[in-house]
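Take a look at the following structure, please.
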Amino acid sequence: MASQTSPWLRSARGPMFVAMLPAIVLIVALIYFTGWAVTYSFTNLELTGPNSLNWKWIGVDNYVRLFTRQGFLSSLWVTVIFTFFSAIVGQSVFGFVLAAAMRGLRGWGRTCVEVALMLGWLLPDIVAAFLWQATTTDIGFVNTLILQPLGFPPYDFLANYALVVVIVANIWKGTAWSYLLFSAALDSISREILEAAKVDGATGLQRTWLVTLPIIRPHIATNMLFITIWTFTYFALIYALTGGGPGSSTEVLSIFMYHQSFGVGKLGYGAAISIAMVLIVGVLSVFYLRQLKEPK
Amino acid sequence: MESYGRTSPLMALALAFVAVIWVSPFAWLVTTAIDPKTTGVLEIPRAIGIDNFVSALSGTAGLQFVNSVWLSVGTATLTVIVAGAAAYPLSRLNLPGRNLLLWGLVLLRLLPSAGIIVPLYFSALSLHVLNNVGVMLALTVLNLPFALLLLKNFFDSVPIELEEAAYVEGANVWQIVTQIVMPLSRSGVAVVWFFSFTSAWNEFLLPLIFARTDTAFPMSVGLFAAFGQHGAVDYGFLAAYSLVYAAPAVIVYFLLRRNLNTGFAGVGVKG
Amino acid sequence: MLKRNLLAAAAAVAILAGMAPALAADLSIEYNDSFAALVENGVKNFEAANPGQKVNLVKLPGDGYQDRVALDLSSGSAPDLIMVDSFLVAEYAGSNYLLPLDDMLKGWDQFQYYSKGLLDVASYNGKVYALPTDTDVRMLWYNRADFAKAGLPDPWTPKTWDDVLAAAQKLKDAGVTDAWLIPAGTKAEEAATMQGFYMAMLGAGSPTGDANRLRVRADDKWIGDSPAIRKTLQLYHEVYVDKKLGVGSDNYTLDFAATNKAFLDGKIGIMASGSWENSCLWDCNGVNVPSQADRDKIVAWTPWPGNGEPGNKTTTNISGGWTIAISAKAPDPANSFKLLTAIFDKKNFLDWTVSGHRMAVRTDIATDPAYTADPFLAKATELAKDTTGRDTVPGYAKVSALVQQATADILDGKSVDDVVKEYHDGLVDEFGADKVVTIQ
């Protein structure tokens, strides 16, 4: 951290404060928008109808409704399962394993795998949804090229295992981020420590578990934090692929909120759902941050 | 860099398998796009031609492509400029409560964008920016928390001694920023620019709400609209359109790859 | 170099724009792409008749159309003309989003031909707020090749729900995975309520005292629980859960056109939908649609039967349709109305109605030889003789959302009792306990 008394900094303070102004304006805007959502979560504002003109303050009714009426808790459960399996287990583990496996590799082999991963990530959500639908329906890729040649009758995965397909699609889509992060993290571990461990007789697995993982712990925590936040609030791919269905089997919180706000038109309730989402992920984030701060 | 260890053939096979699995969903997309007579079913193309691509790039579709480029480049550049200008002082000046501010912003950002879309819409309306410029501003606002965090961490890892030395030698603020700070922060900036670009390229909800006409839609919305139509579906067009839509993000990635790899190492949060 | 040229061009445009004589401001119209042919032709005629007048077309996909319009209206930035599904007219008019049209309609010579019943649907508190584009009837479409494969009679005339279920079972046994598609769930939106739930419910209870509806009209109360509602939900349960005659996820596809294609290809055996499918199965706007004779070889239709219990209707029907309205905030109502009448001018309207096989909303069109000569429309009009409409009072949209959620809950496997309780509680939440009744 730079010393405050450095002459360079003292002279640059003026311009630096000016440089911060645009960001401050936009941050104020962000706070305003969030404040709007918080405020309206205590009202019964609606998109159309009498409550769009004459809405009233209803205190914490919307929040009570989260628990007494159907929809929120089941959506929360779906979101937890989705986030846990696709992000925490899927993307992180895959990302780490791939990063570790390709650590020493250079050249076109590694490039191939990297590009393959990145393709999944870069593809726009709606195209990815289109692809995964084409792949997993009963006339899709999995059936025509794998199951049918083996003699099985066509099976519609998307219809019957929607949540699983969505989880797999998200793993496919997002592993690249974890891979890149872990790759950079692993690269930053000095060789000497690992060589020393090798000399001490530790096997590959032991080296990974006892040496590598603890060293990159802050990176693991950072990664988990970001992907948990992103996955928890993810909307586009799932909405395009299944619309939250069939029924509500893939209705994650973001879709539930969207439907309540714009489909049913209850903006106040939708705002309460958003705030609830923020609080939940906020708690998780605090947990992750604690992990970051712990001494190694 | 010396190789960490030999890759066993088994490992190579496993990696190849992973790569193939990852790319396989594309098979449908590619076979459908290059076949002008496609019916949308996965099969060996009956003919190969570029007709689908031509129609994907002409008329309204082509216009929407331009809109996407404008929107994404604009958003990414604006984000980088605004966030960079603020992240640098945040890193150098030991302002009280800056960590709280940064993480507080990230927490704010947890709010799904659909949750603030209504106030965003009303604000854009009153500011008369209910168009792609409005989308750019809105996206920059939404990008700021993460961008600030990433860039600040990145600047933290750039030693200040160089700047101080240059200052001692008589360079002014502008020179120090343009000739020392900026070249050194290339990879961090590349990471943020890349994320902002791809997220703006992907952004669908905001342009749908903000854009008034289908000639103002970016490709993301155009594609969505093409899917939701009640007319006959031209799968060849859709697939080609999807590929055209996916291409720039991929190209940008390749251009920035080197910078991205270095950049990622720098932006890891160090407590 | 390029930048300089661009700047110069921009400056030139700005100067020219400033010099242009003060024209009437541009008009704009927001519409669903299924009606593109009607709107775009009407706009073309309007622009030709009013040189210098430009109209901005905001064409939106059908998916999510309702949400977009709701947002535009509620924020006050809607275009001058908006296409609105008829059941929302009362809702929006009650929120002061739409302009009452009565005064301007008095001066239009073609207004006298509009059918009163349909104008009522597009009215609120006695004032007309929108002009209908079409109406429709609902029926069961079936794929003839599948029926031949399953050995089912064609033409098919089911008389009760059990007949349909039996046919669906035979289809399933013959290998048709999605034997009967009744729209359900929240992604299908109004289709689930109208083409699915309401069509079934109308035949599941006695018409006396509106026991087969969602609302007791005479008392202005919503029905929270009734045998008709329960039986309808039970039907859904049988189709989607017990006998698995339908595939739930077909209600959540990315791409409605894919569902139509699946039906034409025989992957769906029976599809509960409406009269617009005569065109829309191929293309709503009539592009590349095969001849009527060819279409009749692939698909056919039969009216929805009632559930067969005595006292209930033998076949059911409910009609809807879309409308075009003028935003209350339109800066130039007179000019906007001119555009409206250009779109609905007899020639344009008749052409579109006949070529799209839509059902007419005006007597001058319904009696026109071009219309009466259409065999499909003639048969469909028969169905329209005994039809009803939705409960187009403010609040219907919420009730529809609750119905969609109820069907989605059935897809989830919940029991009919639980679903009905949730539906009832939802109504009470929304309208208050004194506005909700239970029919025994």
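Note that the chains are named A, B and C in the order they appear, and that numbering of residues resets to 1 at the start of each chain.
Convention: contacts are C-beta pairs under 8 Å (C-beta built on N, C-alpha and C of every residue); 3 or more make two chains touch, one makes a residue touch a chain.
Everything numeric in this text was worked out from a predicted model, so none of it was measured.
Student: Tally the contacting C-beta pairs at the A-C interface and at the A-B interface, and name the larger one.
Tutor: A-B
Student: Which chain's mean C-alpha position is the greatest distance from chain B's?
Tutor: Most distant chain from chain B: C.
Student: Distance between chain B and chain C based on Cα centroids, please, to the nearest Å.
Tutor: 38
Student: If you average the Cα atoms of chain A and of chain C to get two centres, how far apart are those centres in Å?
Tutor: Taking the average C-alpha coordinate of chain A and of chain C, the gap between them is 37 Å.
Student: Counting in whole Å, what is the centre-to-centre distance of chain A and chain B, each centre being its mean C-alpha position?
Tutor: Their C-alpha centroids are separated by 16 Å.
Student: Send over the residues of chain C in touch with two or more other chains.
Tutor: 71, 254-255
Student: Listing for chain B: what residues touch at least two other chains?
Tutor: As it turns out, chain B has residues touching two or more other chains at 118, 224, 227.
Student: Pull out every residue in chain A that's touching 2 or more other chains.
Tutor: In chain A, the residues touching two or more other chains are 130, 240, 262.
Student: What residues of chain B sit close enough to touch chain C in their complex?
Tutor: Result: residues 40, 118, 121-122, 125, 130, 208-209, 212-214, 224-233 of chain B touch chain C.
Student: Given the complex with chain B, which residues does chain A contribute to the contact?
Tutor: My answer: residues 1-2, 4, 6-9, 11-13, 15-17, 19-20, 22-24, 26-27, 29-34, 36-37, 98, 101-106, 109, 112-113, 116-120, 122-127, 130-132, 134-135, 139-141, 144-145, 172, 180-181, 183-185, 187-188, 218-219, 221-222, 229, 232-233, 235-236, 240, 253-254, 257-258, 261-262, 267, 270-271, 273-275, 277-278, 281-282, 285, 289, 292-293.
Student: Spell out the part of chain B that touches chain A in their complex, as residue ranges.
Tutor: Contact set of chain B toward chain A: 1-5, 7, 11-12, 14-16, 18-20, 22-29, 41-43, 81-83, 85-86, 88-90, 92-94, 103, 105-116, 118-120, 123, 137, 140-142, 144-145, 148, 156, 160, 163-164, 167-168, 173, 176, 198, 201-202, 204-205, 220, 223-224, 227, 238, 242, 245-246, 249-250, 253, 260-261, 264-265, 268-271.
Student: Show me the residue ranges of chain C that touch chain A in the complex, using the header's touch definition.
Tutor: Going through chain C, the ones touching chain A are 67, 70-71, 73-74, 88, 91-92, 94-97, 177, 185-187, 189, 247-255, 394-395, 397-398, 401, 405, 408-413, 422, 425-426, 429.
Student: Show which residues of chain C lie in contact with chain B when the two form their complex.
Tutor: Its residues touching chain B are 28, 33-34, 56-64, 68, 71, 75-77, 79, 254-258, 260-261, 280, 282-285, 287-288.
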